[in-house]
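Each of the two complexes below includes chain A, the first together with chain B, the second together with chain C.
Moving on to the complex of A and B:
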């Protein structure tokens, strides 16, 4: 039931964010999800692009912050927070169009009966810093352009390697992002890297559910601000029998929810609020998603037995 | 004494024991039928359990290969997928226990003694020609094959890792499941496909759904704990589709809530039919088992096998976790979370007392009882440990202790 509602939300969001512009809808350029600005006629786009354009020099003064230029940097961030705060990382699991694309590929794999690639807990821990490294780079490189005369061909570094850039425009009939740009070495390197990453990720996504989410810098950015949001993912540690369903069912194999036996807060770094784990938990009210203390959805043995019937 | 005389005496003893087992079973069935809460919907389960004491007859009435298994760690779904019928080697007969007394150490677990005796009481039943699966849980199970002098060619050991939350242990147990699958394939001379496993998981999911409803009825104290034990005990001898259908019919009966009884939680060693002595005594003392975490009763289904996709690996992994991580056997080293499930049920069911059943000679549960007693008492729950055997002589003593326990719980209820 919850999964169906989630899929419906994802599809509506996909139509809105990919084709919204053609219907006169535009939600702005500070969305906390992978709605790509390179899609012609999109209905809004990802905050990461604006973030990469925030070329603030180190010599910035206090007055600058309230000048027009300063507001151009701050205002998108405020809008990003306004979008992010009410839903937190539920944006990823419920509204992100690129996540839906990954889910479609996973559906094909499941239909073919091909097994998923399972990473060990150690591998997951090793992969975790990558999203933060990407986040730091996508902020640092524009700063270097502004302060250290780095060539402007380095602009929008993440967008140029982001796999959503060639993939999502395809749904609007635009295949032109699958190319190599021979203008200069930098552009050639970026486009070549983009093709390699996209190809690698497509293979990765086929064998590993939500593979890209393991590296997504947006997820990392949202995790930093998760405390500002009223959305909470909690575990009643006194009720958990340790069956391990949550870890096995999780698209990104989060093991901490299963192992946690001290803290109530289990909104982990890679968690995107898809609620698969809550659906598969056999303990009554052991796992629950809350919004301002109000329970959005919590686990129950009855729900699980009925879900399995479906 | 000539070999002929020995053989003749052995045959006489076998005949006598078998006869006594039958009488013991019939007496227990008759007792159930005489109870005011008897309903005819329990009959199919009693019929199934009749064969649980006679593996020879069980083998004759099924149309497929029989595989015997000790403990619930061997995944039932895999046997179903291989189209073999499982016969759980767990016997609760006092008469059968007597048959094995001479060949086993004095302080052997009564269940092991009884199961051995049951097999020894079978005429023309060559133990060495039976397929057996041994998950290495407690020491008795591990050493059982050697104790009975069985040939190891027909047996399959599943090396159970005694750490539940360790990733390496989970992987190891998954390997054991694949090894069991291969062994079963060799027996039936047919490969077990992904579809077979999926169908089997689905069949057990349906059973789990009905079982959840049965548990609901039990929490509301609408059904007798003896009936519950009969139904859950029958699971490992019956065809799963038939068991689900019979349980589905059973839960449709309009049961009434028994408000006057005090709810209690039962934990500890398995209760195997026809030895439902403790359950009968608890009910006779105006208490009712509203929940338990006994592996032959409520924990026979530790939960459904949730799979991430329908590939063979995902299905096997789901089964592996269901029978390892979700299992609360006291032989596990990192078993702290066993208490969590229990406390959750105690809280939700407003149950104030726990009765811990220990079979004399069942060491893992004996050790566990001390740990549980300390933890539960700290949390404010009343705890009663009952150490018993399959004998009937200690019934009066148990009744007295149960009566005192009921009074304590009654006082707590009044105070609250």
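Moving on to the complex of A and C:
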């Protein structure tokens, strides 16, 4: 039931964010999800692009950044927070168009009967910092362009290698982002890297559910500010039987929810609020998503038995 | 094997920083630097007895600068080969607004400021004896400030002076190499009383070319790709000067237009190689995953 509602939300969001501009809908340039601005006629932009831009992003001189005009850098962030705070990381699981694309690929794999690739816990731990490294780089590189004469072809560094850039425009009939740019060595390297990363991630997404989310800097950014949001994911430790259903069902293999036996808060950094774990938990109110203390959805033995019957 | 991996990473990083370039690049540049004017008379240095071989009075664009109050300023150098003109005026218009504003000249430089996204058209008129020199150019500045840029309304003495006008390009973004631009001789009143010249000359990369008028009114110019622009970055530009001379009785009008072109955004994109790299990457990772795949632990 919840999964079905989530899929409906994702599809509506996909149509809105990919084709919304054609209907005159534009939700701005500070959305906390992968709504790619390279899609012709899109209905909103990803905040990561704004972060890297000149004037409204970090591609500005230090003089500008610390002057009154530097407040312009803060304004898109305020808009980002306005979008982010009410829903927190539910944006990822419920509204991100690129996540829906990943879900489609996973559905194809399941139909073909191909097994999912598994990562060891050690690999998961090793992969975790990548999203934060990317986040730091996408702020540092624009600053270096503006202040330390780094070549201007490094502008929008994350967008240049983001797999959403070549993939999402395809849904608007634009296949032109699959190219190598021979303008100079910098553009050639970036486009070659983009093609390799897109190919690798596409294969990864096929063999591993939500593979890109393991590297997504937007998820990292949202995790940093998750405390500002009223959305909470909590675990009643006393009621947990330790069955491990939550870990097995999790698309990004989060094991901390299963292992946690001290803290109430289990909104882990890779968690995107898909609620698969809550659906599969056999304990009553053991796992619950809350919004301002109000329970959005909590685990229940009855729900699980109904789901199994279906 | 380990050292090879490190070596390849270092080489890739050097490529990425632009510190080294493959030899094939230079060959590609040579091909792409060939002039691509569709209506060019000569491919080498051009000499016309009626028209001088170089422009004598023109604007030169400098890099725009974002100021701390959010305004964007653009500096233009006014190049005048004959020193000390008898009279010199610089004026400009904003967007489609017909009001003409005056700009001051300091040390041969003109500064235009914008507090909002604005398209400017600039004219500079100088007189020396029976010669009138008219330079024209246009630019777009993306200012964003609540502090309005100062403007002084101006009534030019020679509003009917002819100039080389660039028609609005159908191409998106800013003017780029490889795009087609159409020029015509025009005046503020839209009426040209002068006998049109047969040639419009272009000074680009220190070479002079002649453009043929294809319907006696309009001239087509396609700026050639440029190795320097390709390497210099997306904001770098080149000043291409279009110039000609008109005569009416004993009076001579020397017209110039400065076209500030950037490198092409799409001319060097190769889709076939891109798709091949993407496909190779997919095959590589599929193979790698199949060979290194672990079985899911039975629960």
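We adopt the following convention: the second predicted complex is superposed on the first by the 293 of 310 C-alpha atoms of A that agree within 3 Å, B and C clash if a C-alpha of one lies under 4 Å from a C-alpha of the other, contacts with A are read in each partner's own complex, and residues count from 1 in each chain.
The criterion applied here is as follows: contacts are C-beta pairs under 8 Å (C-beta built on N, C-alpha and C of every residue); 3 or more make two chains touch, one makes a residue touch a chain.
Values in this document were obtained by computation on a predicted structure and should not be read as measured data.
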item	value
Per-residue touch tally on chain A - higher for chain B or for chain C	C
A:259 touches, of chain B and chain C: first, second, both or neither?	first
Which superposed partner A:209 touches (first chain B, second chain C, both, neither)	first
Touched partner set for A:129, first chain B, second chain C, both or neither	neither
Which superposed partner A:283 touches (first chain B, second chain C, both, neither)	first
Touched partner set for A:242, first chain B, second chain C, both or neither	first
Which of chain B and chain C A:86 touches, first, second, both or neither	neither
First, second, both or neither for A:115, with chain B first and chain C second	both
Touched partner set for A:230, first chain B, second chain C, both or neither	neither
Shared chain A surface residues [contacts with chain B and with chain C]	115-116, 118, 120, 244, 248
Interface residues, chain C side, partner chain A - complex	12, 15-18, 20-22, 25, 28, 66-70, 142, 144-145, 230-231, 233-236, 263-264, 268-271, 273-275, 277-282, 284-286, 289, 293-297, 299
Residues of chain A defined as touching chain B within the complex	109-110, 113-116, 118, 120-121, 209, 236-245, 248-249, 258-259, 261, 280, 282-284, 286, 301-302, 304-306, 308-309
Partner chain C, residues of chain A touching it in the complex	54-55, 60, 63-64, 67-69, 72, 115-118, 120, 151-153, 155, 166, 176, 178-192, 195-200, 202-204, 207, 244, 248
Contact set on chain B toward chain A in their complex	164-165, 167, 170, 194, 205-206, 208-209, 212, 216, 302-304, 306-314, 317-318, 321-322, 325-326, 328, 336-338, 340-341, 343-344, 348
